[in-house]
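Just below sit the structures, each encoded as C-alpha cells.
Below are two complexes that have chain A in common, paired first with chain B and then with chain C.
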Partner chain A sequence: MSLELRNVEKKVGQDTHIYSTNLRFEKNTINILLGSTLAGKTTLMQIMAGLDKPTNGEIWFADKNVTGVAVQKRNVSMVYQQFINYPNFSVFDNIASPLKITGINSDQIKKRVGQVSELLKLSEMLDKRPNELSGGQQQRTALARALVKDSGLILLDEPLANLDFKLREELREELPKLFENRECIVVYATTEPSDALLIGGYTATLMEGRVIEYGKTIEVYNKPKNLFSARVFSDPPINISEIKKSGDTFSLLHDSVKWKNSNVDLKDGNYKVGIRPYNITTYKEGNNCIEIKGKVLISELSGSESLIHFRNVNLNWVSLSNGIHQMKVGQEAKLYMNVDEFMYFDQNNNLVNNV
Partner chain B sequence: MNKTINQKAWLFVIPVFILVAFNAVVPLMTVVNYAFQETFGNNVFTWEGTRWFKQILRSDRFHSALGRQFLFTGVILFIQVPLGIAIALTMPKKGIGVSVCLVLMSMPLLIPWNVVGAMWNIIALPEIGLLGHTLNDLGFDYNFTQQTGDAWFTTILMDVWHWTSLVVLLSYAGLRSIQPAYYQAAEIDGANRWAVFRHIELPKMKKVLTIAILLRFMDSFMIYTEPFVLTGGGPGNATAFLSIDLVKMALGQFDLGPAAAMSLIYFFIVLLVCWVFYNLMMRNETQG
Partner chain C sequence: MMKKYKWLVPTIYILFLMLPIYWLLNMSFKTTTEIINTYSLWPQKFTFENYITIFTDNTWYTGYLNSIYYVVMNTILSVVAALPAAYAFSRYKFLGDKHLFFWLLTNRMAPPAVFALPFFQFYSSINLFDTHVAVALSHCLFNIPLAVWILEGFISAVPKELDETAYVDGYAFWRFFFKIFIPTITAGIGITMFFCFMFSWVELLLAKTLTAVAAKPIAATMTRTVSTSGYELGLLAAAGSLTIIPGAIVIYFVRNYIAKGFALGRV
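== the complex of A and B ==
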C-alpha cells in the first residue's frame, strides 16, 4: 500500500497551482508537506484525497490508479484548519457519522467511538454539542472523526493552526502517537518547521507550487538539497549571504568577516552561505568559531531563548541564543558563528558541502 | 484602592432616553390613556377601567380578525420561508450571476408598499388585468373584489411576490458564510444532498433564518397598506386583518377607547409570539 503522484499538475485557468509533481508515500509513514501559505499544500492534499482532479498526471493508491475515483470511494479522512464538525450533532454522533454511512451495527459503532474518544480524551463530553466545547476539544472531535474509520489515507491540513499556543503544543505531542499501530498513510500540511521536526517521519518541502525535495525529515533538515529547501525549513529564517572563497579563506562581502575552513573541498569562486539562527550566538559554541559584529535592530526574549536581529554592513542577520541575553537596540554587538555548521550553496543554489 | 464613583456616564445615556421617550413611550402612553377612559371630545375623559379590554376580548369581530391574521401570517410564512431557502440554494455562488440575481431579488423590496398594492390591484382586475384576464380566459371564475377565496389568493400572491426576496437574501448570506471545508467533510463522509442540507446548511443558517422568520412574522402580522390598497379589507370583511380592522374602528367609527385597548392587545400578542419564538429557536445556542 502506497500513495503515488505521477506527474501530477494542476492548472486553474492560466495559473499553475501545482507544477508537475512526483511523490511516493509508503505505507505506515507520516509525511509532512512543509511550505508557506499558497505553496500548494492544500491543493496537493485535495488532489490526493480526490476532492479535486489534477489537470494532468495520475494518482495511484495501493497499486491502483485512482485518479478519477470519487472521494467517498477512496476511504480517506481529512482534518481541516477550521474545526469542522456537524453543528447539530452531539460529539458522539459526530464521531460516529463516518461509520453510520458504512452500515455497521450500532454495538460496533459504540465500541469504536468509545475507543477513539478515549484516545483523544473526549469520553467526558460525548453528549455535548460542538459549540459547547473549547477550540481544542472541537479539533479533537474532528480528529476523532478522521480516526474512527479505517482510512488508508489520513490528511491533516494545518490542524493546529487555529489553536492557541498551549493547546497546539499539547496536541502536537499526542499526534504521532495517534497513528502508531495503524495501517495508513498520514499526510500533514504545515507552515511550521518545528511541527515537522517534532513529528518526524518524512518531509516534502514546497515552494510556489513545486515540491523542492522529499526525504526523511531529519535529513531534509540537516542536508537540504538547495537554498530554497533550507529557507522553507528554517524558523526563524535562515541567514543567507554571498561569499567569496580564495585559497582556504572564505569572506563575506566587504570582507567584514573572514574565516578558514579546510574541511570544505570547493573550487575558488563565489558562493552563498546559509547559517541557521542558532548557529549565531552570543557565546562561543564548537571548536571553530568566528566573530561577527553588528548593530542590534531587535532584541526579543522568548521563554529561555534570546532572539537578536542585527545589521552587519548591508545585511540583516538573525541570531538565536539559549538563555537570556538582553541587548539594547542600537548597541554594537559581538556574536559568534559556528563555522562547522555552515551550509555552502553554489551559484545554482544547490548545497555543495557535507554538513 | 477605593473605586471612584463617576456619575457622568449617565449624561451619555440621556440622548437615547429622549429618543425612546419620543418615539415609543409618549405615543404608547397616549394609547394607554385612551384605553382606560371614555372620551366625548373637548378633552373630557371619564374613567372606564378595563371595560374596553373586556369588550374587545369578548367581541366576535376581534376574534375573527385575529383568526384571519394568524391564518394569513401562517400561510405566508409557510410559503415564503421554504421558497426563499429553495431559491437561495439555487442561486449562483460566483461570477456575474451573483450580482444579477441579487439585484433582481432586491427589486420587489425597493417598491413602496402602496405602489405594490396598486400594482397588484391593476394586475388582478378581472376585465383588464394581466393576471385577472388571463385567469378568466383560462376558464377560472376569478374576481378578487367579489369572491373571498380569490381575494385571499391575490393578497397572498402579492405578499409572496413582495417579501420572499427578503428570506432569499438572508438565507443566501447565511449559505455563503459556510466554509467550503464543511461541504468537503460531508463529501468525504459520503453524505447525500439532503443530509448536507439537513445537517450542515440548515443548522448553519439557523440564526439568519430566525431573523428572517421574526421579521416576516412581525411585518405580516402588522400588514396594512398592501391589502388596504388591494382589497380595502373586502369583500365584506374577508381580508380585514387586525390593522385594517383597527383603523376602521378608530378612524371609521371613532371608537377611540376600544381601538386603543385593541392596539395594546395587538401589541402584546406580537411581543409574546416573538419572545416565545425567539426563545424556542435559540434554546440550544450557548455561544458562537
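== the complex of A and C ==
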C-alpha cells in the first residue's frame, strides 16, 4: 500500500497551481506537506483525496490507478482547518456518519464510535450538537470522524491552525499517537516548521506550487537540498548572506566579519551561507563562535525565548536566544554565531556542505 | 432631561404606524351606517356582524381560501426551484454565471403590469385561466429570482468544505443535499419562504387578471366597494383586518431569522 503521484499537474485557466509533481508516500508513514499559504498544499491534498482532478498525471493508490475514481469510493478521510461538522447532527451521529453510509449494524457502530470518542476525550459530549462545543472539541469531533472508519489515507489540512496556542500544543502531541498501530498513510499539511519537527516522519517542502524536496523530516531539516527548502523549513526566517572563502579564512559582509576555520571542506570561492536564527545568540554556544555586531531593530520576547532583529551593513538579521535578553532599540549589540552549524550553498542555491 | 423623555420619539412613531391599522379595526366593528354618518374614535354600537358575514358567506371566505391556496403553492414552487439554482450559483463557476445571476435579479424589477397581458392571453389559450396554478406560476416571475438571491447568500455562508467532508465520508450528492445540506440552511429556507409568501400575498394585479370566479383572491373581492346591497364599508374593513393576519403569523415564526438575513445583506 502506497500513495503515488506521477507527474501530477494542476492548472486553473492560465494559472498553474501545481507544477509537475512526483511523490511517493509509503504505508504507515506520516507525511508532512510544509509550505507557506498558497504553496499548493490544499490543492495537492484535494487531488490526493479525489475531490479535485489533476490536469495531467496520475494518482496511484495501493498499486491501482485511482485518478478518475470518485472520492466516495476512495476510502479516504479528511480534516480541515475550519472546524467542519454537520451542524444538525449530534456529536455521536457526526462521528458515526461515515460508518452509517457503509451499512454496518448499529451495535458495531456504537462500539467503534465509543472507542474513538474515548481516544479523543469526547465521551461526555456525544449527545451535544457541534456548535455547543469549544473549538478544540469541535476539531476533535472532526478528527474522530476521520479516524472512525478504516481509511487507507488520512488527510489533515492544517488541522491545528484555528486553535489557540494551548489547545494546539496539547493536540499536536496527541496526534502522532492516534495514528500508531493503524494501517494508513497520513498526510499533514502545515505552515509551521515546528509542527513538522514535532511530528517527525517524512516532510515535503513546497514553494509556489512546486515540491522542492521530500525525505525524512530530520534529514530535510538538517541537510536541506537547497536554499529554498531551508527557507521554507525555518521559522523565524533563516538568515542568508554572501560569504567568501580563501584558504582557511571566511569572510562575511564585505569583510566586516572574518574568521578562520580549517574544518570545512570547501573549495575557495564565493558562497551563500544559511544561518538559522537560534545559531545567533547573545551568549557563546559551541566550540567555534564568532562575534557579529549590529544595530538592534526590534527586540521581542516569546515565551522564554528572545528574538532580536538587528542590522549589520546592509542586511537584516534575526537571532533567537534562550532566556530573557532584552535590548534597547538602536543599541549596538554584540552577538555570537555558531560557525559549526552554518549551511553553505553554491551560487545556484544548492547545498554544498553542511558540517 | 434627555434621558427622561427618550421614550417619546419611539412612542409617537409607533402611534403613527398603528393609526391606520387601528382605524381599520375600529371600522370593522362598526356598522356601515355608523362609519358613514358619524365620526367616532371607537365603535358606538359594537358589532361582530361583519366578521360573521365573512365567515359564513362563501363569496367571502372562498376568497381567503383561494389566496392561501395559490400563495402556498407559489411558495413551495419557488423554493423548490430556487434551491438547486442557488446551490449551483454558489458552488460552481460556469460561463456567464455572474451575468445570469444579475439578470435573474432584474426580473424582480420588472413591473407585473408588463406581463399581465401576455400571461392572460397565454394562460387562457392553454386553459389555465381562472385556476390557482396560473396565479402560482405567474408569481414565480418575481419570487424565484428573489428566492435564488436570498438562498445564494445563505448557501455561500456555508463553507464548501462541508460538502467535501460529506463526500469524503461517502455521501452521494443527493443524499448529502437532503440529509445534511438542507437542514444546515433551514434558517435561510424559512426566510425565503416568508418573503415568497408575503410578495405573493400582497400581489394584486396578476392575481386579479388571471382569475374570474373559481380562483378569485380575497384582495380582488375586497376591492369591489359597491355591491347589490350598497356600500359595505364595515364588511370591507373586517376583510382587510383578516388579510393582515396570515402575514403577521408568518412574521412571528421567522422573526429570529430575519436579522440573520439582513446581516447577510440579502433580504
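The criterion applied here is as follows: the second predicted complex is superposed on the first by the 355 of 355 C-alpha atoms of A that agree within 3 Å, B and C clash if a C-alpha of one lies under 4 Å from a C-alpha of the other, contacts with A are read in each partner's own complex, and residues count from 1 in each chain.
FYI, contacts are C-beta pairs under 8 Å (C-beta built on N, C-alpha and C of every residue); 3 or more make two chains touch, one makes a residue touch a chain.
Note that the structure is predicted; figures quoted are calculated from it, not measured.
In this overlay on chain A, chain B clashes with chain C.
In the superposition on chain A, A:Q82 makes contact with both chain B and chain C. Within the superposed three-chain model, A:S97 lies in touch with chain B and with chain C [touch as defined at top].
In the superposed model, A:E132 lies in contact with chain B only, and not with chain C.
When the two complexes are overlaid on their common chain A, residue A:V71 makes contact with chain B and with chain C alike. Shared-chain residue A:Y283: touches no atom of chain B or chain C. When the two structures are aligned on the shared chain, A:L51 is found in touch with chain B and with chain C. Overlaid on A, the two complexes show chain B and chain C touching the same residues of chain A, namely 46, 49, 51, 71-72, 76-78, 80, 82, 84, 86-89, 97-98, 101.
Within the complex, the chain B residues that touch chain A are 179, 181-182, 184-185, 187-191, 199-200, 202-204, 284-288.
Residues of chain C that touch chain A in their complex: 159, 161-162, 164-172, 180, 183-184. Chain A makes touch with chain C in their complex at residues 46, 49, 51, 70-72, 76-78, 80, 82, 84, 86-89, 97-98, 101-102, 142, 145. Residue ranges of chain A in contact with chain B, taken from their complex: 46, 49, 51, 71-72, 76-78, 80-82, 84, 86-89, 97-98, 101, 129, 131-132.
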